[in-house]
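Two complexes are shown next, each including chain A; its partner changes from chain B in the first to chain C in the second.
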Partner chain A sequence: MPVRLAEEWFAICGGCEVTILDIGEPLLDVLEKVTIVHMPVLMDHKLYGQTGEGTEMEIPEAEVGMISGGIRSEEHRKLAQEMRKKCKTLIALGSCACYGGIPALANLYTTEEILNKVFRESVTTETNGLPNVDIPALTDRVYAVSEVVKVDVSLPGCPTTPEMVAGALTALLEGKPFPLPSKSVCDDCPTIREKKAASTLKRRLEPPEFTPGQPLNQMRCLMEQGFLCLGPATRTGCGGSDGTPRCIRAYMPCEGCFGPLSEKANPMVDMMGALSTIGLDPKQISDRAATFNRFAGAGRLRPIPRR
Partner chain B sequence: MGKKIVIQPVTRIEGHAKVTIHLDDAGNVDTARVNVIELRGFEKFCMGRPVEDLPRITPRICGVCPWSHHLASAKATDAVFGVEPPPAGKKLRELCNSVAYMEEHILHFYFLAGADFLLGPAADYSVRNVMGVLQAAPEVARRVVRVRHMCAKMLEILAGKPIHPQAAVPGGFSKPLMPAERDQLRKMADEALELAKFSIAFAKENVFPKYLDVVKSLGVITTGFLGTVSDTGALNLYDGKLRLMAPDGKFEDFAYDKYTDFISEHIESWSYLKFPYAKNWGSFSMDPEKPGGIYRTNTLARINVCDHINTPLAQKELEEFRQKFGRPAQLTLLYHWARLIELLYNAENAIRLLDDPQITSTETRVKVTPRAARGVGCVEAPRGTLLHDYTTDANGMVTNVNLIVGTTHNNAPINMSVTQAAKSLIHDGKYDQGILNTVEMSIRAYDPCFSCATHRLDGKLGVRLDILDAEGRLLESLTN
Partner chain C sequence: MEEQTLTAGAAAGASEQFEPLILAFCCYWCAYAGADLAGTSRVQYPTNARIIRVQCSGMVHPNLVIEALTKGADGVLMIGCHPGDCHYLEGNLRAKSRADAISLMLEDFALEPERFRLEWVSAAEGPRFGQVMTEMIEQIRKLGPSPYRNS
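Then we have the complex of A and B:
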């Protein structure tokens, strides 16, 4: 009997859904064991019935449910509750669902500030007032899915990886747990670390030192070269089957997209420690809150007091 | 009072949407309007960040076209810092753009829209999807899944990370391409080209002739077009000048950093999604009889505005297309045909770039220095002209941001096509799920990305529908 799967997306970009497709041909084998009962991006099941006569939003029952995106409106909250009610196991797919993700940078501002920017202070926009008819009820901030309903499995990453999605689905089909790695990105990073910075902190306005074509284990750690890297405060796993962290492959430092080392971790504290240990001064970073919590703003970022 | 029909969510598109149609007492469509009512706020929360972080933050506007935002953003930062990337830096960016286009056009044609054509608009919803395609045409489906995935792998080789990439940086590209990697990519590009050739031949034989009546009638409107062309008027998706073409085919060209002289954004009290329009064509109007300032973007627009295409196979297809449908072609479903011509162009263009000896140069990036400046970056995203406009202070911190994305340009045309489709399909109160799906097909043709369009606050396309009587009075407002 195929396993029924339901998927919903809230404050999203769609990247995690594309990641599911990036499983590639093995996905076709997974699909044979799964019946998708609700997934707006791929199939036409409607929330109010196929010809729109329903009065309540309804998602069919499913063994496995997946939610991508954080919660920003009351409708997201209702749909999250409906998903929880109808799905035996609920997966938070990607860092937006797990921690708020990039859209939770909006938690640095009030909704009013955002509306003023978009409708009153934009160069091309005719300023004939704010749209003001039937604005949907937004939540006061972006919430992670787990702040609203119980989540059984969290798959972080912006986006998450095909390996992680395939691994979690396979584990669920076999009735096994799917624990996340607890180590940091640095633990999987092949670069050379000497535990001492070779430069003061500098912005990414120039290339790091490396020899093109040489393996990454010949390159000095980017943070020790002076480029801020979120690796020490970020959960590993982004490298998939290859293992090498994704951004490092492009000679770019980690930006923290897999989220904090644990649910309770404070990336600000972890990063301050990591920087000081190798002799770098965190005070040189002018945009610390948004930098250290870039993907973890749900519950960790709040409006900045205006000076 | 008549009856209302709610299609929610619009499916097999990127992002969320809802269509509500209102019928009068006789059961005919009175007025249907698609409204966007939510926002995400990227323009706000990009302010205050170091400008070199924007090419990393803004791809999150859209996970389907992250490369478009990544590259428009990198180009805007080049302009802010006043630098020109080295030739290899530019070519690597353009190569990534072409590979990303292939991946997205394959995704849309086969995974999202294809089921309507391969299984029929009225097939049951449980099979009218990619899983149904897999059952109906397993060989084709497997090949398509493999090649789309291969394009993602190509981006991984080029940039380390295919979705939400990091490699385009102010002043160039962070990762040089090694000759061995180039050779590997070249073989993959050949396979992609074969699929592109197969796709357009397959569609011309099996899809378009079968649905010619639908193509000629569904969602048809008459508008102008906007797209990017090279200095010589050739199709260009990474760089060039903007060309704004009136419905009669006359056009004017302008540098993309002058966009504010040509485009204005209209606000309706009933939508958070703005309505860009050509401000020199008179005032904004979505009246199908007398549209004002309305132009379209995305594949059909680009195929209409270009004089020619610089790659031989795509040029041949362009000539055939023009002979059949004229210039500019207006039929909405021709977006699909134009998409397949672009798929072919991008496969050929990727091969052209991979064969360029400069592509493996290790000089891919120049150093940049912060300054107070404004910079505009523009690329053609799969869904239309994408503009990123940044202003920085002396430290290179962002003080202002304006974004106009592909789907937003198409906001008014999509509304007009949906209204046209609903009015032509629903009569005397008779409709079924096949008819409603056909209404949705007029939206799908535009391959809209409502996550992009609603970058302003939360990525969720909420839609509100106003029902007006014949005099334009508001009878009812529907929201999700």
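Then we have the complex of A and C:
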């Protein structure tokens, strides 16, 4: 009997769902063993019966559940709990589900401030006050899925990698665990490090120095070249079997999408340490909290107290 | 052992008059020797600081300072050799740039900038060590307990 798969999406762009499709040919092997029973992005399965006749929210039972996106409204919270109830194993798909992701940058402001900014004070948008018909209430902040229900497997990344999705699904089908690497992006980065910055911090628009055609291990570390790279405080694994981190492969500094190294890590402190250790001036970074917690806002970012 | 002493100090402070709890990271070659000299010369200063010997002020990672401040310490001192005197040549310069980063971050953690201080004390400056300690402890006493103390 094929394994049943249910998928829900919350506060997310949909990129991680595209990643599932991006698995390519190995997807055909996975799909043979899987039946999708619920997936709003793909199929027309309604929560209250196909014609709205149901009174209870219903997600069919499944062996594997996937949730992408953080929890921003009470509807998301309820759906996450329903998914947990109906699915034997729950996968958090992508950084939004794992750490809040980009939407969790909103945690820097109170919900009231956000609503005021968007619906009352925005000068470029004509609005008629707060929308209030048939809309679920917002939660007080953006939550990661694991903050609301227990998650069995986390697949970070913005978007997560096809290799990881396929790997996790295969591992689950075979009943094996799927642990994440615990090292940092720098541990997998092949560039040359001399532990001393060769320049002050540069704007991202400037090109890094490298010789085209030369392998990456001939290039100087991008951070030491003056480009803010979140590698030191970010979990590795984005490179997959190739090893080299995704952004570095494209001569770009790490954005930090795989999230912090551990549950308790504070990427801002780690990054400030890393920057000052090689002699870069952290004063040049205007928005430290948001820059260093870009993908890890759930539980880490909070409105800055006014003193 | 150390943890016990720390919490005992914090508990006593909460029940009676406020006694600040201060961590002082002292480098082995200058500041710690300075503390030693302060002791042998009978320099008097308040006893609120817990001295932690480190090999060089340049090895005090911002993580340690922020963790101390968010887990109950009311103030943190980082003391190293005078610029140019570092036993490891540039360790104290690294400490300086890390200290700048720490000071910036205090704001993000809603802590007063006075709760963290970087000082230079040489091995021959026993009285100065006592003076730095007294100043810092008095300053923290005026500021009051850290907002993180009981959380």
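The criterion applied here is as follows: the second predicted complex is superposed on the first by the 287 of 307 C-alpha atoms of A that agree within 3 Å, B and C clash if a C-alpha of one lies under 4 Å from a C-alpha of the other, contacts with A are read in each partner's own complex, and residues count from 1 in each chain.
Heads up, the rule we're going with is that a residue touches a chain if its C-beta (ideal position, glycine included) is under 8 Å from a C-beta of that chain, and two chains touch if they have at least 3 such contacts.
Since the structure is predicted, the reported quantities are computational estimates derived from the model, not experimental observations.
A.B. asks: Which partner reaches more residues of chain A, chain B or chain C?
C.D. replies: B
A.B. asks: When the two structures are overlaid on chain A, which partner does A:247 contact: first (chain B), second (chain C), both, or neither?
C.D. replies: first
A.B. asks: Once the structures are superposed on A, label A:166 by its partner contacts, choosing first (chain B), second (chain C), both or neither.
C.D. replies: In the superposed model, A:166 contacts neither chain B nor chain C.
A.B. asks: Looking at A:153, would you say it contacts chain B, chain C, both, or neither? Reply first, second, both or neither.
C.D. replies: Touch status of A:153: no partner.
A.B. asks: What is the contact status of A:73 with respect to chain B (first) and chain C (second): first, second, both, or neither?
C.D. replies: Touch status of A:73: first partner only.
A.B. asks: With the two complexes superposed on chain A, say which partner A:5 touches: chain B (first), chain C (second), both, or neither.
C.D. replies: After superposition on chain A, A:5 lies in contact with neither partner.
A.B. asks: After the superposition on A, what does A:91 contact: first (chain B), second (chain C), both or neither?
C.D. replies: It touches nothing on chain B or chain C.
A.B. asks: Contact-wise, after the overlay, does A:51 reach chain B, chain C, both or neither (first, second, both, neither)?
C.D. replies: First partner only, chain B.
A.B. asks: Taking the contacts chain A makes with chain B in one complex and with chain C in the other, which residues are shared?
C.D. replies: The answer is that chain A has no such residue.
A.B. asks: Name, in rising order, each residue of chain A that touches chain C in their complex.
C.D. replies: Per the stated touch rule, the residues are 266, 268-270, 272-273, 275-277, 279, 281-283, 288-289, 304-305, 307.
A.B. asks: Chain A touches which residues of chain B in the complex?
C.D. replies: 5-9, 11-16, 37-41, 43-45, 47-50, 52-53, 56-57, 60-64, 66, 81, 107, 111-112, 125-126, 128-131, 134, 141-142, 145-146, 148-149, 152, 156, 159-167, 169-171, 174-176, 178, 259-260, 263-272, 274, 276, 362, 365, 367-370, 389, 395-397, 400, 402, 404, 431-433, 436-437, 449, 451, 456-460, 462, 464, 477, 479-480
A.B. asks: Could you list, by residue number, the parts of chain A that touch chain B in their complex?
C.D. replies: Answer in residue numbers: 9-19, 21-22, 24-25, 27-28, 31, 36, 40-48, 50-52, 69, 72-73, 75-76, 101-103, 105-106, 108-109, 111, 113-115, 117-119, 121-129, 131-136, 138, 142, 158-159, 203-207, 212-213, 246-252, 255, 257, 286-287, 290-291, 294.
A.B. asks: For chain C, which residues are in contact with chain A within the complex?
C.D. replies: 61-63, 66, 94, 97-98, 100-102, 104-105, 108, 110
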